[in-house]
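The two complexes that follow have subunit A in common; it is paired with subunit B in the first and with subunit C in the second.
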Partner chain A sequence: MLNVQNVNTYIGRKRLIKGATFTIHQGDIVGLIGPNGAGKTTLMKTILGLTKFDGQIQFNQQPVTENQHDALANVGALIEHPAIYPFLTGQQNLALYAHDAADRQQLISELGMTDYIQAKSKGYSLGMKQKLGIAIALLNHPQLVILDEPMNGLDVTATIGVRRLIQQYAAQGTAFLISSHILSELQKVMTKIVLINHGEIIVDQPIVAFEQLHHQADKLLTEDFSLTAKILKEHHIHYVLDGNAFQINHKNSFEIQDMLSSQQIHIRELTPVARNLEQLVVNILDQQRSDHHEA
Partner chain B sequence: MAFSLYQEFYKLSHRKLAWLAPLVLLVLMISTGLAMGYNESRLLMATCYDAPDWMMLILVVVGATTFSMEFQNNAILTLLYKSPNKALAYLAKYLVILAYNVWLHLIAILFTVGLHALPMNQSMAWSVRYRYQQPLWENMLKTMTLDILTTTFIISLIFLLSCLINSNAVVISVSLLMVFMGQFISANLLNAGKFTQVLRWNPFNMTNLTRQYYNHATYFDTSHLLNQQLILGTLGYTLLFVVAGYLIFRKKRF
Partner chain C sequence: MKHSLSAELFKFTHQKTASVGILTLLLLMIYSVLTTNTTATQVVFEFGAVQWIPIIIIAVASAFFDMEYRNRTILILLYKNTNHWQIYLAKLLIVWLYSVILTLIATFFTIVLKSWLVGSNQLSWSALIIDRQTQLSLLIGNVLGTLIYALFIVTLSFMLIMLLKLNAAVIGVGLALGFLGAGFSIAFMKSFITLIPLFRWNPLNMIFITQQLANPSFAAISHLSNGEIIVGNLIYSVIFTILGYDLFKKRCC
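For the complex of A and B:
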């Protein structure tokens, strides 16, 4: 469906996205995650042909360029802010893009906008505008929907409603690329994770594989803290300190046990650590930062 | 293209300004009719009660807000990615404003016919000969046709400015300054008496086209160009501004 190959995005001469490569298939819900300024919005804009870039972007085998958007006929998006004309009512804002009145009406009802959709949108709250922006992105049964921080300004009920709508559309084959700072919310819907930092994609995996790979940390507590730290460093084994305990990768645990045993260091505790997506992402970013410093 | 045009017409037709403008135009035309002397019927009829000046004001405001409303309502990204390419997005906006321009001129002609029937000024038959030994109705139609060229030239300039400046307040101010001060700037340049052969082709001079048609004796001394030369210059600058505006729009970062 969407194929992004070695894409570099430039603002002036500055390269903001560096060699981005990933694919999105029908029905995927891809969470685009990264710290502020990592390049999430820029990458989304690039896919929509709104920035200067090199490399290849193809949607359904049709190329997307900065000045050729024919391939995007079946793509919906909400980037940065909802595109809403204040002199139009919510209904008219939707009519501006809608090809099918029944589809428009269904979205109004599913997003709970019936009560105010006939009012001029200049009086809408942030949440109402956000819902209207999401409705515009979902109009005309798109094959791919790009949502930049879709949960901004939404209350709990609306957040649940939007989440359900995303899952419902994905079940029908629509693919999603969603960025959000609320990782717990993304975690509930996404099937694939793309982690971006400093314009580089550092993780591109199905969420199940990602959790299996990164969710296996063990907590290690020994009788001799400083000697343990020395041994781990000597053997270039990555660890994170948590008080006087070490957090180690599960795959290194047998090796570490053997090393400690050979040095006659007794283990007090070796237990699996349960971590949420936020902690995993923070750890990966920390690790990348320390790798950069070492390099 | 058809859908882009539909969207632009839809937006324009839902803006209050677009519908209030003819009402404002009528009030200003009546005011002109009352302010001018009772015996100035022929000039009033030939110039549609000075509608060209008032329409210029209206078109500056409507034209300047055509692009800036997209920036101010965060709609430019949606507009662009939904358009097959940037040229179509730009062209659709331009064509819709041109259609509005022509519609406004037709309204002005209708208002003139209506006002002529009122006992506001001296009664004068449409067949009376006036400028260029032509009947008044012909003078009026030609004035309006030439004014469509002048206002199209101004719209092209406004589009160019809109692509350079995102704020509609600034675009409106700069456009009004160029439209109304431009003539003085041009006149001052030409009155200096140096390089007249070159300077008479400056873009500000083209804003004289409509006025020179209905008042050749006065304005030829200012513009130093024949009517045909002014038409040629206006068309040339219109094309130049449209192309330059599009190239800037194409390169602009959103």
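For the complex of A and C:
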């Protein structure tokens, strides 16, 4: 569907995106994550053909360039702030882009905008504007939707509603590229992660593989706490106690299982320690920072 | 292009700027009626409308483009359209059509004011006044001049809003052009008499089209014939459009 190959984006002479390569397939929900100034919005604008770039961007095998946007007819976007005409009502803002009145009405109802959609949008709250911006991006059943910080200003109910809508559209084949600072929210919907820092993509993986690869600790519970502690100490295996459970390094887990088995100590629980996405991302960025310092 | 035009028309007609512009013009014409004696010249120049229309147009035109950047709607406009010419030209056409409407309203209001103030017997439309021309033909000349100059002004204000990126600055330039442009142009040519063949083509000189088509004696001030001043206005409109579009393409969203 979307194929980004070795893309470099320039603002003036400065290269803001460096050799970005990734693909998005039908139904993917891709989380674009990175610190402030990492290049997330610039990358999104580049995909929309709004910046100078070299490399290749193709959507459904059709090229996207700064001067060629035909391929983007089936792409919806919300970049930075909702693009809304304040002197028009919500309904009129949607009507400017809608091909089908029924689709427009359905979005209004699903996003809970019925009560105020006939009012001029200049009086809308931040959350109301945000929902209207999301509705504009989702109009006409696009094949790809690019959402930059879609949860900005949304209350809990609206956040849950938008999340459900994203999953519903993805189930019908729409692909999403979403950036958000609320990683916990992104974690609930994304099927793939693209991590960007200093304009470079440093992670591009399905979320399942990413979590498996980056989980580093396991929780161990055995039938005999004191004997287990003794064995671990004897073999100089590092552990941290968490109540009556041991937190061990994931890479030692097979070795420990063999030791306990040979001593006929039964394992009650051996599970990966759940780490949230924020911790994993911070760890990777810290690791990258220290690698840069060493280099 | 058809879709771009209808979308721009929809936006333009739903903004207050359009109706405020018309109201401002009518108020200024009434102000002119109340503060000066009604003469044939006043009628021919549509109670000052010839001077006010370009100033209103420059404010409306720059605001119409500027709001796309302020509301960040330019982003959708740009990525949804491969042909950015369509966006630029559609906006330009809509604002020029607005200037046609403003001019027609001013003409209609002039006719109403004239018949109300002086009656139909005095200052008759068929009376010969300047250069043995009827009041009606002078008025038509002025209307044509205003429409051509409106094109010059719309293209100029679009170029200026791309260049200065600040609506207030463009309006300031518009006011300066409206009130001081002609004076500067005359002073300039008087200071460099030998260079008049070149300097008569300066853009500030183009404003004389609003008076010269009705009153050919203005050709002695502009140093351009009627044909030359029409061509001059049209050529500047093309130049401003090309430069403005180039700035539009380069302007980051």
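Everything below uses one rule, namely that the second predicted complex is superposed on the first by the 238 of 295 C-alpha atoms of A that agree within 3 Å, B and C clash if a C-alpha of one lies under 4 Å from a C-alpha of the other, contacts with A are read in each partner's own complex, and residues count from 1 in each chain.
As a working rule, a contact is a pair of C-beta atoms (placed from the backbone, for glycine too) under 8 Å apart; a residue touches a chain by one contact, two chains touch by 3 or more.
Source: prediction; values computed, not measured.
Novice: Evaluate whether subunit B and subunit C can sit on subunit A together after superposition, giving fit or clash.
Specialist: Superposition result for subunit B and subunit C: clash.
Novice: Which holds for A:49: it touches subunit B only (first), subunit C only (second), both, or neither?
Specialist: In the superposition, A:49 contacts both subunit B and subunit C.
Novice: Which partner does A:136 reach: the first (subunit B), the second (subunit C), both, or neither?
Specialist: Touch partners of A:136: subunit B and subunit C.
Novice: What is the shared patch of subunit A, the residues that subunit B and subunit C both contact?
Specialist: Shared contact residues on subunit A: 11, 45, 48-51, 67-70, 72-73, 75, 77, 79-88, 92, 96-97, 136.
Novice: Quick one: which bits of subunit C touch subunit A in the complex? Just the residue numbers, please.
Specialist: Counting only subunit C, the residues touching subunit A are 7, 10-11, 14-16, 67, 71-76, 78-82, 252-253.
Novice: Touching subunit C in the complex: which residues of subunit A?
Specialist: Going through subunit A, the ones touching subunit C are 11, 45, 48-51, 67-70, 72-73, 75, 77, 79-88, 92, 96-97, 136.
Novice: Could you please specify the touching residues of subunit B with respect to subunit A in the complex?
Specialist: For this pair, the touching residues of subunit B are 7, 10-11, 14-16, 69, 73-87, 250, 253-254.
Novice: For the complex, give me every residue of subunit A touching subunit B.
Specialist: On the subunit A side, the touching residues are 11, 45, 48-52, 67-70, 72-73, 75, 77, 79-88, 92, 95-97, 136.
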